[in-house]
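Chain naming follows the written order as A, B, C, D, E, F, G, H, I, J, K, L, M and N, and within any one chain the residues start at number 1.
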Amino acid sequence: MDPATVIAGISIVTAGLTIAIGSIGPALAEGRTASQALQALAQQPDAASTITRTLFVSLAMIESTAIYCFVVSMILIFANPFTGG
Amino acid sequence: MDPATVIAGISIVTAGLTIAIGSIGPALAEGRTASQALQALAQQPDAASTITRTLFVSLAMIESTAIYCFVVSMILIFANPFTGG
Amino acid sequence: MDPATVIAGISIVTAGLTIAIGSIGPALAEGRTASQALQALAQQPDAASTITRTLFVSLAMIESTAIYCFVVSMILIFANPFTGG
Amino acid sequence: MDPATVIAGISIVTAGLTIAIGSIGPALAEGRTASQALQALAQQPDAASTITRTLFVSLAMIESTAIYCFVVSMILIFANPFTGG
Amino acid sequence: MDPATVIAGISIVTAGLTIAIGSIGPALAEGRTASQALQALAQQPDAASTITRTLFVSLAMIESTAIYCFVVSMILIFANPFTGG
Amino acid sequence: MDPATVIAGISIVTAGLTIAIGSIGPALAEGRTASQALQALAQQPDAASTITRTLFVSLAMIESTAIYCFVVSMILIFANPFTGG
Amino acid sequence: MDPATVIAGISIVTAGLTIAIGSIGPALAEGRTASQALQALAQQPDAASTITRTLFVSLAMIESTAIYCFVVSMILIFANPFTGG
Amino acid sequence: MDPATVIAGISIVTAGLTIAIGSIGPALAEGRTASQALQALAQQPDAASTITRTLFVSLAMIESTAIYCFVVSMILIFANPFTGG
Amino acid sequence: MDPATVIAGISIVTAGLTIAIGSIGPALAEGRTASQALQALAQQPDAASTITRTLFVSLAMIESTAIYCFVVSMILIFANPFTGG
Amino acid sequence: MDPATVIAGISIVTAGLTIAIGSIGPALAEGRTASQALQALAQQPDAASTITRTLFVSLAMIESTAIYCFVVSMILIFANPFTGG
Amino acid sequence: MDPATVIAGISIVTAGLTIAIGSIGPALAEGRTASQALQALAQQPDAASTITRTLFVSLAMIESTAIYCFVVSMILIFANPFTGG
Amino acid sequence: MDPATVIAGISIVTAGLTIAIGSIGPALAEGRTASQALQALAQQPDAASTITRTLFVSLAMIESTAIYCFVVSMILIFANPFTGG
Amino acid sequence: MDPATVIAGISIVTAGLTIAIGSIGPALAEGRTASQALQALAQQPDAASTITRTLFVSLAMIESTAIYCFVVSMILIFANPFTGG
Amino acid sequence: MDPATVIAGISIVTAGLTIAIGSIGPALAEGRTASQALQALAQQPDAASTITRTLFVSLAMIESTAIYCFVVSMILIFANPFTGG
């Protein structure tokens, strides 16, 4: 097989697996955090504003690791620096 | 095998596995969050509006990681930039 | 083997595995959510309508990730854009 | 090996594994839901009708993911669009 | 090897693995449901008829996923549509 | 190798693995059910007859999935429809 | 290698693995059941006869799945119907 | 390699793995049962004789599955019916 | 294949897997920490400032291990010292 | 390779793995049993003699499965009946 | 392939996997420690200074194992003593 | 490769893996036992002598399975009966 | 490939994996110990000095196993006795 | 490849894996033991001397299994009896 085909095939597999594997951790972590936030709301409704604010900051922080994976995945599909090689 | 066949075969496998593996994490996370929301509703019915709102925002955030995988999967099937190579 | 056979074989395997693996997460998540809804009903029968409504919305959201997998699986079997290649 | 044999062999393996793997998640989820329904019945006998109705709707929803797998499995055995190729 | 042997060998392996893997989930789920029914009986003997009825409906529903696997397994051994190919 | 040897070898391996893997789920499920029945007996001795009856029905239902595996295993060893091929 | 050697080798491996894998489930299940019986005896000494009787019936039922594996293992070593082939 | 060497090599590997894998389940199960017996003794010293008797019967029953594996292992080393082939 | 293709292919796979695997641990850890912070807020609203400060310092520390992986991943894609070899 | 080398190599690997894998189960089981015995001693110091006696009998029984593995391992190294073949 | 390519390829893979695998343990451990520190703060706000100090010392100690992996990873990419060979 | 090299290579790998795998079980078991002993000491300081004595006997018994592995490992390195073959 | 390349490649892979795998256990163990120390501080602030001293001794002991891995990893990279061979 | 290279390569891999795998069990076990000691100190500060002494003896005993692995690893690198072969 010619090199371009090899690079393309490897890029496709890697792009898919990166976002697939990389979405498991953040999804579970966000589920845990959101789940705990709901429990906290039910336990202490008066602190709703503090809880909600902390929840959103935390979700954004966790989402960032999923974004890393999505960025790498997009780079491999649309801006792959090796495809010219 | 000719390069087009190789790229097509790899794209099919990757598209399927990406959405298959990528749906496990979000599904479990949404299940956990929704499950906790129901428990919170039973425990504190008065805070139903706050709980429901927080639940939907959280579900949307978690669903986003599944959407990433679906997007990559669709790109690989219908808009694959390497199939021209 | 000719390319059409390769693509067909890969499509069959991928279609099956996609829906098989992709049904584990949603099924478990729906089981957890429904299980918690029943516990909530037993604990707070008065909030039955709110609980039932939240349950159905959540189940629909979780089912969506299984639908993604089923859609990809059907596309690979009946509307595969690569089989013409 | 001729293409028809390859497609037939792959279809058989995929059909079996799809329904085998695809029955684990729904079965466990139904077991969890039914188990919780029994606990709810023992805890709140007065809400039996609501609990039973919610249980059946939930079981049907979970069973749907198993049905998806069974449908794909049957399609691959009896209505395989690739066997003509 | 001639095609008939290949198809026969693959069918045997698939038939065995399908029922073997496919019996794990339903068995564990039935064990969980029955186990919970016994606990419910010990906790609320007065609701025995409701509990028993719900148990049997649930067991039948769970058993159905095992039946799916057994049906596919029997089809592959005794009514395999590919063995003529 | 001649086809008869291949079919025989595959049948032996499949027969063994089918009953080996297929006995894990039912055994654990029966252990769980019986274990819970003993706990129920210790907690509510007066309901012994109901508990025992439910236990035996449940054990029979769970044992059925093990029987499926044993049947397939015996068919593969002593009544294999492919050994004539 | 001649067919007899192949069949013999496969039979040996399968016989060993069948009883080895097949003993894990029943052993753990019996351990769980016996363990619970001892807890039940300590909690309700007056029901010793009922508990002991239920324990022995349950152990026999669980042991049966181990017996299935042992029977298949012995058949493969000493009464293998394929060794004549 | 001559057939005798193949059979000998396979027998050695199988004999070792059979007893190695086959000792995990019974050991853990005996540990659980004995552990629970000690807890029962500390909780209800007056029932020591019943507990001890039930413990020994249970340990013997569990040990039987390890014995099955040891028997198969010894047969494969010292009384292998295939080594003459 | 020429060396440049080999290095490029290996770099792509490694870059993807590094960030994919490397995001699981930090994501789960951040989820746990944030989840506990929400529980602490609900339990002791008066200590909100101390809790929030400790949370952010901890999240930054955990995020650092994800950053390590992202840095290695970016180096492999855009500043790979071996691609000149 | 000559047969003697093959048999020797296989025997070495099997001997090592047998005792290595075979020591996990008994070690964990003994740890659990001894751990529970210490808890029982702290809870009921008056029953020390009964607890200690039951502990030693149980440890001996569990150790027996490790002994089986050690015996098979020693036989394979020093008294291997196949090394003459 | 020439030796330099082999060494380069192996170094890339190893560098990526080292930091990827090596970040899982420390991340989870830091998450657990920080999570517990937050719980401790909510439980005993008066001991905040002692808790915070102990937390930072512990995080530094745990981070050190991640640093080891990062150092090895950097050495392999930028200061590899074998690339001259 | 000459037989001596094969035997030496296999012996090295086996010796290392035997002690590596064989140290997991005993280490965890000793950790559990010692951990429980410390809990027992904190709960019942008056029974310190009985607890300490039982702890040491148990640790010695558990250590014995690690010793088995170490003995086999040393035999394979320094007193291998097959290296003369 | 020449021997020096083989040894270099194997050394690189082993050095990376050794520190990567070897950092998981110590990191988790330190996390557990530190986490418990924080809980102990919150529960018994008066014993802070004893707890802190015991914590540091334990962390040092656990860190030692990570140091072993780091030492082996450094030896393989910078002081490999086999690279001259 | 010449035998010396093979032996050297195998020794390097085995030495690294032995200490890497062999450090997981002891590290976790020491973490558990030390963690429990801290809990015991917080619960019963008066028994600090007994707890500390028992902790150190236990840590030393557990560390011994890690030492076994380190010894085997060092022997394979610096005093390998097979490298002369």
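Here, a residue touches a chain if its C-beta (ideal position, glycine included) is under 8 Å from a C-beta of that chain, and two chains touch if they have at least 3 such contacts.
Protein identities per chain, from UniProt: A, B, C, D, E, F, G, H, I, J, K, L, M, N = ATP synthase subunit c.
Bear in mind that the values here come from a model prediction, so they are computed numbers and not experimental data.
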Inter-copy rotation, chain B to chain N, in degrees (Cα atoms; steps of 5): 130
Averaged-CA centre spacing for the pair chain I and chain H, given as whole angstrom: 46
Between chain A and chain C, centroid-to-centroid distance (C-alpha), Å: 20
Centre distance in Å when chain D and chain E are each reduced to the mean of their C-alpha atoms: 10
Chain K, residues touching no fewer than two other chains: 11, 13, 15, 17, 19-21, 24-26, 28-32, 35-37, 39, 41, 43, 55, 66, 73
Pairwise touch network: line, ring, star, complete, or other: ring
Starting from chain I, with chain K taken as the next chain, the full ring order: I, K, M, N, L, J, H, G, F, E, D, C, B, A
Residues of chain J that touch chain H when the two form their complex: 3, 6-7, 10-11, 13-15, 17-22, 24-26, 28-33, 35-37, 39-41, 43-44, 46-47, 50-51, 54-55, 58, 61-62, 64-66, 68-69, 72-73, 75-76, 80-82, 85
Residue ranges of chain J touching chain L (in the complex, touch as defined): 1-2, 4-5, 8-9, 11-13, 15-17, 19-21, 23-32, 34-39, 41-43, 45, 48, 52, 55, 59, 63, 66, 70, 73, 77-78
